[in-house]
Amino acid sequence: MAKIVVDVMLKPEIRDPQGEAIAGACHRLGFAEVRAVRQGKRFEVEVADADVADADALAIRMTELSAELLANPVIEEFTIHGA
Amino acid sequence: MAKIVVDVMLKPEIRDPQGEAIAGACHRLGFAEVRAVRQGKRFEVEVADADVADADALAIRMTELSAELLANPVIEEFTIHGA
Amino acid sequence: MTTRVGIVTFPGSLDDVDASRAVARAGATPVPLWHGDRGLRGVDAVVLPGGFSYGDYLRCGAIARFAPVMADLIPAATDGLPVLGICNGFQILCEAHLLPGALTRNAGRRFVNREVRIRIENGQTSWTAGYQPGHEITVVLKSGEGRYVADQRTLDELEASGRVLARYASGNPNGSARDIAGVTNPAGTVVGLMPHPEHAIDALTGPGTDGLGFFASILSALADA
Amino acid sequence: MTASAAGEAGHGLVTAPDTVALAARTPDRAQPHAELGLTDAEYASVGGLLGRRPTDSELAIYSVMWSEHCSYKSSRVHLRQFAEKAPPTTSLLAGIGDNAGVVDIGQGYAVTFKIESHNHPSYVEPFQGAATGVGGIVRDILAMGARPVAVMDALRFGAVDAPDTRRVLPGVVGGISFYGNCLGLPNIGGELAFDPCYSGNPLVNALCVGVLRHQDLKLAAARGPGNQVVLLGSPTGPDGIGGASVLASASFGGGGETAKRPNVQVGDPFMEKLLIECCLELYAAGVVVAIQDLGAAGIACATSELAAAGGTGMAVTLDLVPLRDPSLGPAEILMSESQERMMAIVEPGALEKFAEICARWDVPATVIGEVTGTGRLIATWRGEVVVDIPPESAAEGPLYQRPLRRPAGQDGRLADDPAPLADAARSGPGLADRLRADLLALLGSPAGADKAWVTEQYDSYVRGNTVQATPHDAGVLRIDEETFLGIALATDGNGRFCLLDPYAGTQLALAEAYRNVAASGARPLAVTNCLNFGSPEDPEVMWQFAEAVRGLADGCLALGVPVTGGNVSFYNQTQDEAIQPTPVIGVLGVFADVRRRLASGFGAPGEQIMLLGTTAPEFGGSLWASVVHCHLGGRPPAVDLAAERRLAEVLAGAAEAGLLSAAHDLSDGGLGVALAECCLTGADGPARSGDGIGCTVDLGTDPFTALFSESPGRALVAVRDGQREAFARLCAEHGVPAQPIGFTGGDELAVAGAFSVPVGELAAARRGTLGELFG
């Protein structure tokens, strides 16, 4: 069983009010060293070994999956690990 | 400027309906090889270099921040990268 | 002197007006408490109302837990001050570890706004003394993160010690463990409830008056004390 | 235009800051006016009125302010009719031209309401597009000095099973739910319709209503030279730069979508909630001279409109604008559409108090300039003047009399009468079974289906004043607990009727919203509208638009309800394919005592059911023709606005006298659908779809026409026991035909001599449709 991790973050130019609010909370809590926070999503995808020919094929499939479903290409970008 | 990444995932014993729904969607989209998906959060925290004494101090602070604010230990666990 | 019930307004609190109205309907004096102020203005009990405190960014209730007013509320609640957390207030109480467990995304993944029937399981807390155990009432559920979760041991303990306050009685609308709609602390003073009794105090604007009992209960609980 | 052109144009504005002095010295420098959406003639006229070429910042201002979206340049010549044909009224405190119309409802209270589109952004990024649509209309209402008290949403999507709809609908509903719920505004109603014409062009129209005391009314006019210009709310970022002209006004076509994608604005309802409470506290403290929301065209729009309305000048220092992205240049700062911002005019002596209140709400507030007596809008950046214009020239914009042409296919459409289909349906064997099957088909169709999948995602209870919400005919709010004044609101539109006849179709939409308000027991008082059309550069679309506006203006005059404001959304088309003309009409009504409102469901068994109004065999554009035969043609039902007015009188009178226990208007699907809805809706409580009460009715010799015709001007009522005579008298007094058709009770909807359906089966037919499609 392969575990693939897909990290999805808002594109840098897209505003992240959620991250801004968290950064504000960090400061109120005394974590003054925090300059900025951006919040994204992390997907852990389990793939059956038997179902994928090789690492390259897996990487291609996971890229497809991320672009189609896990990330919203209009506002997000993704990176894949472990494939 | 240091960039710390904090990954927060639901503990394995906590059900993740979001992840389950995504796994279902994967199948409908033809990604039959996907066995399971879990969705968590990824925080990218920017910390000013000048504000932290050294890497160890930074790691301690980020662990505090994660345990107190970024993750809820009742249902979530976290890992820190880049500190 | 009338009973004074504090209603905390966090940035992003929404049902504070409704909670105040319910407190007044029950015959108590609502006292506004501001998130950024210290001190509890000598109130006899506190309601943490529904809404989206601090936008509920991160996790519901996670940021509100650290508000200045909470620095006084948490020790007071530990010492026996009656506190009712409704919806977001329940989430805040869990985040503050005044109540066990946590509230997570609904099993159906969408926000649910619906009238629900709940069964009062414990009629002895400061907030439910006016109800008989087993009494079913109609209130309003409106939340996106209302699925109560806790580990098996905690759940068993809650059941064994009668700390399950109320359960959903007309189907489980959000996937909560064991149909739990609300829980209480061991003393029966700190209570969290996911649906909204304050929206069920007037047949003109809600599904009836079943929810008034929560606010009437605290009055009699304090009068008896 | 292409992606790179937009990008380079934007980029050029940053890297080469252009000043008024430079513009005077370099009259011939080429400027990207076409990429910014200005025609050659418009560009030339900017040069003419400035007496030199514009600076890049000025060009940015004119390009957004003169866009269709901001300037109404194609629609203004038509919209004038709303004023010219306005019925006499004393209840309008502010009207067209202000941020939103304001209506006196008595006892010192006023209500302000408006509906606005966010169609294109919701197609590009459904969640954020719809969310920021709600945010925008709420700020409009807030800017009038009112507390926003509720929202509604009128939604239209492509075919229900189209992949596009599957992407767009859940996102749009999620965005409205996220933003509205987080803001603490109850959602009290709306619409949900599907038609393939909206594929690629969904309509997302959001309405907000607010309440104020008369003396709290704020108008957006910068008066008093020396007064300070304060920007409050979120910092300014690169969001939606050029959005007003590029995103909101350009039609989609081959590959253009990707070019616009970076222009997504992200909403922060939490900040908006703080902004609302902060502004209300500022108003209460009396420290606001005037205020304007920042929507399309951001600071450019707010500064020029405030100064133009005040007949003053304004000087702002763009370096003072708090930025989220320090690399923004002056043109971008002016054009940014960052959300959750307002601009206030404040007397210098009140600044301290103003700042104190903002600090309490954690709302950033910054003085960026002051009101002047120069009659010029001047902006400086890094010590240089980058804008120096007469503000009214930007605020007013050009005016076009676009060519009109009655569509070539119009006669063919009208001639394609569904009467033969109806004749066939009426005769032949198995009539009873077919009637039953057709009714269930209508109830299971996306248009007739239960909307709970959508509406359950909306909070309808917050603030505790919601008397009725979905699924009642109108949303009903209590104004306060002392006076028990109340208001009712409904929105309606019908693209099918409007395609067949935009004049009549618009009046039908108006009549339906008016009737929905009346059916709740309120007295209709005022109108808002959102006009969704294709490209104004297409003469056939422009004809549809002109007819619709004429129909609405004439209709409002006939009904005695003024148009108080609205919004025009053009360019809803994919290449040459325009949407059906879709004016969405909102009607506001008032209750002297909201406890007298009427529910739209049966509340008790054994009550007499009466059908009010006249039924003719009218099937053109009907739901029956659409669902059962995929047919769209013929004439829409004939409108009789005098009859609508009489019906409304009867309903309001009966409500006030307590004669009725329920009233429900007849619209899509006719009597059959209305009866089923009455059985399922129940009597009380918002958002309630109880177990239901059945009924038995006798529909005479032509049950087919009785069940499915969509003749307007009709309503179904349940008369309280002991009030039948009084009600009959009231109907007679107003000349409203009233026909007893049966009684409530039992657990079936039974049509005597024809068929019956258990109430549970009605519910099942309506319930599954949306859930199965959208998961």
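Letters A, B, C and D name the chains as they come in the text, with residue numbers starting at 1 for each one.
Everything that follows uses one rule, which is that a contact is a pair of C-beta atoms (placed from the backbone, for glycine too) under 8 Å apart; a residue touches a chain by one contact, two chains touch by 3 or more.
All values reported here derive from a predicted model rather than from experimental measurement.
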- request: Consider the two chain pairs B-C and A-C; indicate the one with the greater count of contacting C-beta pairs.
  value: B-C
- prompt: Just curious, how far off is subunit D from subunit A if you go by their C-alpha centres, in Å?
  reply: 36
Statement: Per the C-alpha means, the centres of subunit B and subunit D lie apart by a whole-Å value of 41
- line: Taking each chain's centre as the mean of its CA atoms, subunit B sits from subunit C at a distance in Å of 29
Query: Which positions in subunit D touch two or more other chains at once?
result: 268, 270-271
Statement: Contacts with two or more other chains occur in subunit B at residues 21, 69-70
Message: Using the touch definition from the top, which residues of subunit C touch two or more other chains?
response: 54-55, 57-58, 62-63, 66
- prompt: Among line, ring, star, complete and other, which one matches the pattern of chain touches?
  reply: other
Message: Help me check something: in the complex, which residues belonging to subunit A touch subunit C?
response: 17-18, 21-22, 25, 28-29, 39
Message: Residue numbers of subunit C touching subunit A in their complex, please.
response: 54-55, 57-58, 62-63, 66
Field: Residue numbers on subunit B that touch subunit A, as the complex places them
entry: 1, 7-9, 19, 22, 25-26, 29, 31-48, 51-52, 61, 64-65, 68-70
- prompt: Of all residues in subunit C, which touch subunit D in the complex?
  reply: 11-12, 14-15, 17-18, 21, 36, 50-52, 54-57, 110-115, 140, 142, 144, 196, 198-199, 202-208
Task: Using the touch rule from the top, collect the residues of subunit D that touch subunit C in their complex.
output: 174, 177, 181-184, 268-271, 273-274, 360-362, 455-467, 478, 481, 594-595, 684-688
